[in-house]
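Here the chain labels run A, B, C and D in written order, and each chain numbers its own residues starting at 1.
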């Protein structure tokens, strides 16, 4: 049991909002991208990956976003549909935008980087008027991803979605997902992340991401407890702070402190760890599990995904995660 | 007595943040601007006018803003200094911006309009890093004006100022001051006005301005009481809704409802009514007056200013306002 | 007699293309603008002033340009009409642009400067499709002003007008009129000025303006003769190089070199000298006068205008210029 | 023999200027791109392909351009070096630009399309100051590609390169290469293409491309002879008009008319036909061949490239082209 309340009678379990893009993963790996000759195409973007994770875990999942009016955009919508994700609120942008791209470079399992194409991308063209109040009203939970705050009008669309969610008691998960692309300055980032976090029930981020959020008003703080406490004065009920390989710690409004399990594995690459963690963790919370069990499920899912070539394609079922955890513990 | 608490030991009474610009008032009036041949230059901009009003009423006043690096910008700083307003936090913008202009057209005392120059203006170049936490910490109250939310980076600077004010118990006045220039859409406007209003102690606007703020989440509401109530769930203590000539109504968190006095006069023009009202009303509240008396003082000041050619230059002293009210009542 | 051939049967004598804006001239002069309190409004912009000059000299004159959809734009069109200038090709821009402004500062008769408002101005919104081939085909001459090359789409509109003029044998006057506003770099300026100058019959500029044009391909040249010669390899027939108070020198394709007359006067300000010179000089050439006489007429007109408060309003008639010259010589 | 004169003593044979980008060619072909899962990376961009063609044909070749400061940019420079192309005038752009991408879709050998990424691309950041007069002075010929005219500052850099080439007698080839991306309007395109073409010795384009160039001043003309004639009044010596499968026709200033050979083949795709044609045709002209023989060489090269998966990688040697022609004729 945990401290979140989901409106059980609602038709939709989970809606993600924000970035839908394409990963182009290097096929020849363990070398600089200059030497990579072929790339494989996958659905990408943190909220897209989390939506796929949730759907694969059996949750009734939807998406609010914009895709480009081209082959890449059509591929994305097809992939969502094949993944049993409702696309009734995925809009084809007609402004001449393109699909965001992420070329992955895997120099070694621990030295991974991304070459981003984020100019004029469709996902950041999401308009406030694209956000349907009824859709959010009929869902148990929504997830917002920080990247969607990086630019207008997507930024305003997210704030409106937050308003609708608070108005209707839809639980809000905030995956900080900070990436410097598109933002004009780190001060700008910090200001909007804080405004958004004030309206969320569950906030998930790395210590470095919380440092960025605190740079203007709590500069120098490194105390996770102080970090979490700030948000309980607003609407937060759970704050999760991730410390890489050392694992995560969750704080609750009621004063609990839960240290998450870790499953060290030899990864193929680092990409996808956060998204798979978030998906399985949220799934656990929505099952009513206690926080520690949900965190363990998240860690198990992450361990599976970092061992695979893709992110979205590799999202595991609940059975597979449980099996991994059971086998690992032996 | 009213329900606001000001930190009495602080050195600065009042800081305004935002727009500093130039009014170019038609000298030949009661005709279309096409036929006006000469214009007189004044300091303009709603928060600038309110700052002048406050200083003329004897309050120790400061300003946070940016001015252009040209003759108009230098004139503004000179005028603020001559008006005994602290300019230590008024920054000269070096990016090649210009000073905002407002050419006033007075076709008749009740048919007034403004021709705005708002492209590349210095006031909207205010950066978050321009906002000095100590300056706000040392002030009893700050005023933010909605126009400063119209564009980045000024928008973020205002949100940061709000954060500092809440952190340090500086009372926040929000003069909605909605003007469609610069904003991309009315939805965008509504979203940021709401985010700002959540953090303010006193919110002052016309019924039309509150309608705009409610267009997405409370569409169609015309009930002032419902409007005010929303903000008391956040940080507001007083909400003032203005109904033009019919006067204003103030609501308090404690449930009071105060109808403000009106002083019908034959105006020269309509400009400046809101700024002079806001200045004298805030002054009254900062004297600890009860809300009705502060509203009466605001209405008296407005009646004086609409009878004059300028806004900033015409801001009256407390004696002059009191004299007007005393004489009017006879 | 001179070396230009005008198609005498054409209905329109002269068309100017480009900038239409507003001058706001300081009424209190011989001081910095900070201390100027009132400004008087006039039609401004180099090609606008030259068009007024030509019309006042009795030439059938038209204009190709865009004005803002506001009081300033309507004033401009009214003023052109009152000055007997055909406005059938002056288009009201509906994109939300503003009218360019020039606030003049007269610190002393020889220390004059201008504060420009050139962001989002209507005149630079002129589109190629605004340029009417028939209109140019029916005119004896057109004048292009360098400022109209500063930005797209006005830049392309000018190049198209040049193409039409060459196609139909309309004589092209190029008033270099270089102002650094709007241009991104001096290299960009130089490149487009050269492309335009290649297509002109008469090129008029200061030594400094020709230096700017030569900065990339003839860097360091100070020899007027070399400067002029370059253009005779393209379409030029006359090149006039102005040396301020020392007067002007004109070169012809046929090898003539004509030193222009000067009329030293005590000016009120320096503004308007170039435009009035250009207007009267072009008028003289279109009368078939020899180049020296046309230059003298230009110099006489300039001497009259620098002694007046405005530019456009002060443009003299032919009688007045002749009278000035006759009296001066005595 | 042909009518072009190359300065034989110069060290460099040929310099291309403009676009350097990446082709991502679908590996699974004969289907829509939505169904393509993997892509292979190649150097792309019309002038880049022509430079590779020229170098493979044994010409001493250089390039003037900008590449992004990322893995794609470094790959491009490496590929040019490996192709024996001088990169001393290829600049790494530090503005945060990206490498242009072209995803190719091959639905069938004759139904091919391209999905372009052209926002914020490095190649269009080429500055006039990047263009080295000495470099052009020391080359026999340069090639400009129309795409480089699509946007500032690359547009101005090309005009400056044209000025330097004319000043020093470097022969200028103009590959029209019209692609609607980036251009604001077809009128804008037409205007700059004409300004550039005026300064070129050899102009190569399709009938459709010449129609676009003539849309404003010669609307409706379909007569190749009239089209070619216009440019002989400027600097052109040869104009080649391509009519797809029907072959090409070349006109010379001296009045010749040469119909080019065609080599019908069953293509894999249509991409690369124009670039390989241009490379081999220019090579032939630079060998002093008569125009018909050079056109035949171009057609042979094109036939080879359309039968291969890539463009740049597939550029043939002179031996291979000759062998193809010899075998074809049998």
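The definition used in the following text is that a residue touches a chain if its C-beta (ideal position, glycine included) is under 8 Å from a C-beta of that chain, and two chains touch if they have at least 3 such contacts.
From a predicted model like this one, the values you see are computed outputs, not experimental measurements.
Touching both chain C and chain D: give me those chains, sorted by label.
In this structure, no chain contacts chain D and also chain C.
Report back the single chain whose CA centre is most distant from the CA centre of chain B.
Farthest by centroid: D.
List the centre-to-centre spacing of chain A and chain B in whole Å, with centres computed as mean CA coordinates.
Their C-alpha centroids are separated by 41 Å.
If you average the CA atoms of chain A and of chain C, how far apart do the two points sit, in angstrom?
Distance between chain centres, rounded to whole Å: 60 Å.
Nearest whole angstrom, what separates the Cα centre of chain B from the Cα centre of chain C?
Going by mean C-alpha positions, chain B sits 44 Å from chain C.
Going by the touch rule set out above, which residues of chain B reach two or more other chains?
Chain B, residues with two or more chain partners: not present.
Touch graph of the chains shown: is it line, ring, star, complete or other?
Looks like a ring, each chain touching just two neighbours.
Considering only the defined contacts, which chain C positions touch chain D in the complex?
Residues of chain C touching chain D: 127-129, 152-153, 156, 159-160, 163-164, 167, 184-185, 187-188, 191-192, 194-195, 216-217.
Enumerate the contact residues on chain C facing chain B in the complex.
24, 27, 32-34, 36-41, 70-72, 74-75, 78, 98, 101, 103, 105, 115, 117, 119-120
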